[in-house]
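What follows is a set of structures for review.
After this come two complexes, each holding subunit A, first together with subunit B and then together with subunit C.
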Partner chain A sequence: MLQSPVQGTVARLTVRGLLGRRRGILLAVAPALLLLMSAVAASSNGDMHELTVTILARLGLGTLVPLLGLVVGTGVIATEIDDGSIVYLLAKPLPRWRIVTTKLTVAVLTIWLFSAVPTLLGGLLMYGTKDGLAVALTLGTMVAGAAYAALFLLLGVVSRNAVVIGLAYALIWESLIGNFVEGARTLSVQQWGLAVAKAVASDGTLTAEVALGTAVPLLLVATAGAIVLASVKLAGLTLSSDD
Partner chain B sequence: MAVITIDKVSRWFGNVVAVNDVSMSIGPGVTGLLGPNGAGKSTLIHLMSGFLAPSAGTVTLDGARIWRNQEVYREIGLVPERESMYDHLTGWEFVLANAELHGLIGPAGAAKRALALVDMEYAQDRPTGTYSKGMKQRVKMASALVHDPSVLLLDEPFNGMDPRQRIQLMDLLRRFGVEGRTVLFSSHILEEVEQLARHIEVVVAGRHAASGDFHRIRRLMTDRPHRYLVRSSDDRRLAAALIADASTAGIELDWKERALRVQAIDFQGFTTLLPRVAKEAGIRILTVSPADESLESVFSYLVSS
Partner chain C sequence: MSAPSEPADTPTAARSGAGVIHDIGYRGYQGPRLGRAYATRSLFVQGLRGAFGLGRSGRSKVLPMLILAAMVVPAAVLVAVTVLMKRTDQPIDYPQYLATFGLFSEIFLAAQAPVLLSRDLRNATVPLYFSRPITRGDYVRAKAAAMVAAMLIVTVLPLLVLYVGALLAGLDFGHNTTHLGYGLLAALLYSVVLSAVGLLIAASTPRRGFGVAAIMGFLVVSGGVAGVVEAVQSGPPTAASSADWAFLISPSDLVERFVNHVCGLVQSSSSSFGDTPGTLGAVVFGLEMVVIVAGAYALLLRRYRKI
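== the complex of A and B ==
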């Protein structure tokens, strides 16, 4: 029997844990700022192309998406593992991969809501439909967001220090090392997203450090690998013993 | 009939051995897992509930391996020691979610039955975060019972309960035992186990110290050599009178403490002997205090015997 990758009850519990008790509002603050900046920029008379790329590619895709990915990707599972309530999901005859795919689906949709939607709106505000730039950046944000969600969810399963390690990756590897070491850019989710965006937009509108032929396989391998590994790790999750 | 079999199981964490070559088999009825804190009770329950892999040996339910086998949860209900349980959900939502996660047909009916079983219907619409310890324990029970499991594993279920809640939970567990379910609960309190379980398994420092009928083990515990510190008006004369009786194994005059250290073999005999001997010799007893009545010393005696 083929099973749906999303289990309704797990999804419901995850959404409530992630967005319940005003946490949803907190998550919406950064995207709202991005949208506000886009609106201000749109009414200015600067170079619209440069403003759009700076706000949506650098700030949005470069900073907002990895941070959202970190908060949401770890938030859908690491919190439950930390406080022990994951026991109630695991002590059930549920395939472990279904728990992972359900939580990942919730994470990806949440990240898209809080990053892809403001990116699309901001892009349209600043640059209209010209060169397909708004749609391209939105797609880039979506693929990067999904990959971040999967990687950070995996991190939340394997490590008790997921947030610290995730921050180190997003800030130190992607931003700092990525700016100086060329090889590091090949292994950067942000650059993979940019490669996808570049391919969608009109020629010469965007630049990316990684070729599309490299970015797409890496995106797929990273995401699928994270799902498989997280499922295996979750199946062997050990409860910490107080005594 | 559901039987959990632990076969030559050891579990170590780095250099620390938490469970050391333990073999036991838990069948229908209520079994108490007794041992002092840190003895490895939780480790054993985690091994039996599939949340810990044995470093050596096997843990099975009716022959099926438990580790990395989610199908066993159709038969097992687990009541974990930790309290966190989706605090934002109401009791009803929590138990219903558990029924749905089991894939039960008619999850609402199952949740209703489980909540009725633990008498928690009156508070089912309140968030579990507002519950007292005893209420949380009962809702955890309901979540573990929602799929009518044949095995129920409870890690220190009486912790933090008031006497009334304790009696209620004991009645419930006793009933499950009579119904033929396999019920295992851990406790470090002798009296709790005594009230509930006929069959007990004792673990001390990761080792399986004793197994079997409670009364037999209780007798072993009572019959062990007891040590007392005795002060009297004439320690030396009292010592001479006591050593003449068969219930006394050894006596030492402790000059620093100005007291006698007495080792008695026969607990019953010694408790009648001491006042009688003192009275006959005209000696006044000033203090009698047991020197090693802690549960740990009782347990360690069981291990060495």
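== the complex of A and C ==
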């Protein structure tokens, strides 16, 4: 029997846990910031192409998307593991992989809503439809956002220090080490997203460090691998009470 | 609590037919009372140790110790380079070292400020503290002092490694001592300003993961936004002075540029040291730091007025 990968009730509860109370407003800071910066840039008279790339690729894709991926990716499952309420979900007659896919779907859609939509709007505001830049960056953001969500969800299942490890990956590996060591850029979700965006946009409008032929398989392997590993890990989860 | 003594008492009471109060030897505490100051000091020491995972499980030591190593090891490598290459100056100035590797101290803050505050909120131990003689002010003072002290250890230790290395390499004593002073000023300002921001965010959420992401998000995104605003404002890169006001948004840039200006590092070096927009800018940057610290402390006190 083929089951749908998304289970309605679990999805609903996850959305409520993620966006309920004031948390949704806090998450909305990221897209608001992106749109605000875009509006400020659009009214200035600098080099629009450079500004668009700086704001949407460096600030958006480079900083806000990983942070959003971190908060949402770990928020859908790590907080429940942290406060122990995950046992009530695990006790239900649901296959563990369905829990993972449901939570991942919610995370990915949330990230898309909070990062891809403002990227598209900001891109159109600043650069219009020229060179397909806005659409390309939006696609890159979506791809990278999905990969971040899967990776950080896996981290949330594996480690209790998921947020700190994720931060170390996003800031130290992708930014600090990636600036000095070229090889590090091959293993960077941000660069994979940029590679996808570059392939969509007109020639010469964007630069990416990784070839599309490398980026797409790596993206698929990372995302699928994270889902499988998270399912396996969740199947044998031990709850520890250490801090 | 008194469960073990009950089975023995019940038959006695039943036999005599009336309620009897037995003297089972409880005595009041006769020893010295160590008082509020002692309790506050204990809270400080325990917070400082906890920030490095001392006195906690091995797994919670890993992260702070790794970050401490990440701060100190590059300094040791730089010293080794200076000695081996027989250089006549340090490859990097003391305040610049903190600016370059400041990311690690920010991650340390983001990881450990919620450990100090969020766990108490989460496990509802704050009311227990306040049922003792210490007041809310004492609690906030002890926790803030512990966080600042921990940040000072993380930022000052690599500077001392650089300094001792420079002296061992036979570099100019006077120059290095003065610049170590600049570095120490930078370390103090980083510790105090960043801790103020971090603690305020950590105190507002009982969720550790959320606190970590919120602190780091604020510090990193504010830096990124300041960079973008500066890029939007300044057309040609030479006339950057008025665009430097953009760095008022970002706490770490605020400290870096203030120290560069006050210590006169901008003129003495041709490299790209960030500056404040003129003397007025330095005054404003300094005032903003005072406002951030005082404001955050006042808000923290207000946060704990009602729990």
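One rule holds for everything that comes next: the second predicted complex is superposed on the first by the 240 of 243 C-alpha atoms of A that agree within 3 Å, B and C clash if a C-alpha of one lies under 4 Å from a C-alpha of the other, contacts with A are read in each partner's own complex, and residues count from 1 in each chain.
Criterion: a residue touches a chain if its C-beta (ideal position, glycine included) is under 8 Å from a C-beta of that chain, and two chains touch if they have at least 3 such contacts.
Predicted model only: the values in this text are computed from it and were never measured.
When both complexes are superposed on subunit A, subunit B and subunit C sit side by side without a clash.
With both structures placed on the common chain, the touch criterion links A:Tyr88 to subunit B but leaves subunit C unconnected. In the superposition on chain A, A:Asn161 makes contact with subunit C only, not with subunit B. Subunit B and subunit C, viewed from the C-alpha centre of subunit A in the overlaid structures, lie at an angle of 70 degrees when rounded to the nearest 10.
When the two structures are aligned on the shared chain, A:Leu51 is found in touch with subunit C, with no touch to subunit B. After overlaying the two complexes on the shared chain, residue contacts for A:Leu64 are found with subunit C alone; subunit B is out of touch.
Shared-chain residue A:Gly8: touches subunit B; no touch with subunit C. Once both structures are overlaid on their shared chain A, subunit B and subunit C have a minimum Cα-Cα separation of 5 Å. When the two complexes are laid over each other on chain A, subunit A has residues 242-243 in contact with both subunit B and subunit C. Looking at the complex, you find that subunit A touches subunit C at residues 26, 30, 33, 37, 40-41, 44, 46, 51, 54-55, 58-59, 62-64, 67, 70-71, 74-75, 78-79, 82, 160-164, 167-168, 171-172, 176, 242-243. Taken together, the subunit C residues at the contact with subunit A in this complex read 56-57, 59-60, 63, 103-104, 107, 110-111, 115, 119, 207-210, 212-214, 216-217, 220-221, 224-225, 228-229, 231-233, 235. Subunit B contributes residues 13, 18, 37-43, 46, 49-53, 68, 70-71, 73-74, 76, 78, 80-82, 84-86, 88-89, 97-98, 100-103, 143 to its touches with subunit A in the complex.
Interface residues of subunit A facing subunit B in the complex, by the touch rule stated above, are 7-10, 12-13, 16-17, 20-21, 83-85, 87-96, 235-239, 241-243.
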